[in-house]
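Should a chain be cited, it is by its letter among A, B, C and D, assigned in written order, with residues numbered from 1 in that chain.
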Amino acid sequence: MKATVKLFAGARELAGQEQIEVELPAEATVAQLRAALLADYPALGPLLPHALFAINGDYATDQSDIPDSAEIACIPPVSGG
Amino acid sequence: MKATVKLFAGARELAGQEQIEVELPAEATVAQLRAALLADYPALGPLLPHALFAINGDYATDQSDIPDSAEIACIPPVSGG
Amino acid sequence: MPELTQQPLDTAPLLSSAQSPQAGAVVLFLGVTRQQTDGRETIELHYDAYEKMAIKELTALETEARQRWQLVECTIVHRLGCVPLGEASVAIVTASPHRHAAFAAGEWLIDTLKERVPIWKKEHWADGTTEWVHPKGMKK
Amino acid sequence: MPELTQQPLDTAPLLSSAQSPQAGAVVLFLGVTRQQTDGRETIELHYDAYEKMAIKELTALETEARQRWQLVECTIVHRLGCVPLGEASVAIVTASPHRHAAFAAGEWLIDTLKERVPIWKKEHWADGTTEWVHPKGMKK
């Protein structure tokens, strides 16, 4: 499946885009997503190991499955407040 | 010496006056002041054991001496805030 | 500099003087007249003070807080006279480069004010009675 | 209910809605743009958010704070976009019958917001460079 990943802050700056697309196997996990992003977008390399992912607005773990047409977001370490 | 003692809050209410006078020996301490007030103003009985005294605007202990013409205040337990 | 006032407390100037480029954090505490106390109903509170000494003690509190924590602002304002339900009797503003100091100093200031500063409140209960509040076990 | 806004934060309505006869204590925390950070000089900060999720996480924080402490009010407002020196990026107001809860909840809310809520700041340094802030060691 093709997954669209929203980017924010430093990740958006590194990629030069607000969102990116990546091809994933069916029933992929977040760990597989992270690996695919690292392969396809090496510019994200400095941030990806520290980033979390959110699926449909909730934090996911590396073991979380990615449902079809989920809203996926890459969440680099936050700094609000 | 004759000492004038300012009263506040419940002490003022119990005595019915904003300040009271009491006769003290020369070089009296706060402990002597407390005893003299208890004898001359029995209405203050419920509060005096819990009250502190201030001399010239600073908290005193029972051992503190009372200088001539000091400003003396009876400070019942405080409840600001 | 602390202040005693008969007027309703105005927090806007307190906050704007605390918000400076040196302050990463500003904490404002307001003590508010509460309706229920241990199951009894309050209509309003009246505050009285030994004003000259209260200012002296409040100034000492501000000085001590600035010694204990790194503060760029520290101000206490206490209202005297009648304070109706839901209105503030005391405002304490603290500002610090890092936030923990502003929280810790604010809480220490109100805790210590309640132990040391010669200000008293009189409860006006809903049943028509009044009562000066003199907590037992006052610390020296 | 939390709020994200591009406008300067207005504390007056936050404070007045928190001051009720049920609240003995109101605590307002403001996070302010500081000029000096580790010896470097900031000109201004810019905040960005994953807005939909930020609102969800801020709402969860308010709910969790109300479960942990007895609060009669609990509101978080975060500013986005440019926040100049000395202006507030975040306002958190907590109100409780007794003061310790309002202080503890306020401090927990800002600490936890900084760990969990998808909002980011970009430093605009005095030397003309900019830098998104991504603290290492982020907790899950």
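Note that in this section a residue touches a chain if its C-beta (ideal position, glycine included) is under 8 Å from a C-beta of that chain, and two chains touch if they have at least 3 such contacts.
What you see is a predicted model; the values in this text were computed from it and never measured.
In the absence of chain D, chains linked through touching fall into A | B, C.
One finds 73 Å separating the Cα centroids of chain A and chain B. Centroid to centroid, with C-alpha atoms defining each point, chain B and chain C lie 26 Å apart. The centroid of the Cα atoms in chain B and the matching centroid in chain D are 49 Å apart. Counting only residues that touch two or more partner chains, chain A has none. For chain C, residues that reach two or more other chains under the stated contact definition are 31, 110. Chain pairs recorded as touching, per the definition above, are A-D, B-C, C-D.
Those residues of chain D that touch chain A in the shared complex are 31, 47-50, 52-54, 56, 78, 89-90, 110, 113-122, 132-138, 140. Interface residues of chain A, counted against chain D in their complex, comprise 6, 8-10, 13, 47, 50, 52, 54, 57-59, 61, 73, 75-81. Taken in their complex, chain C has these residues touching chain D: 11-12, 15, 19-36, 85-88, 95, 97, 99-100, 102-103, 106-107, 110.
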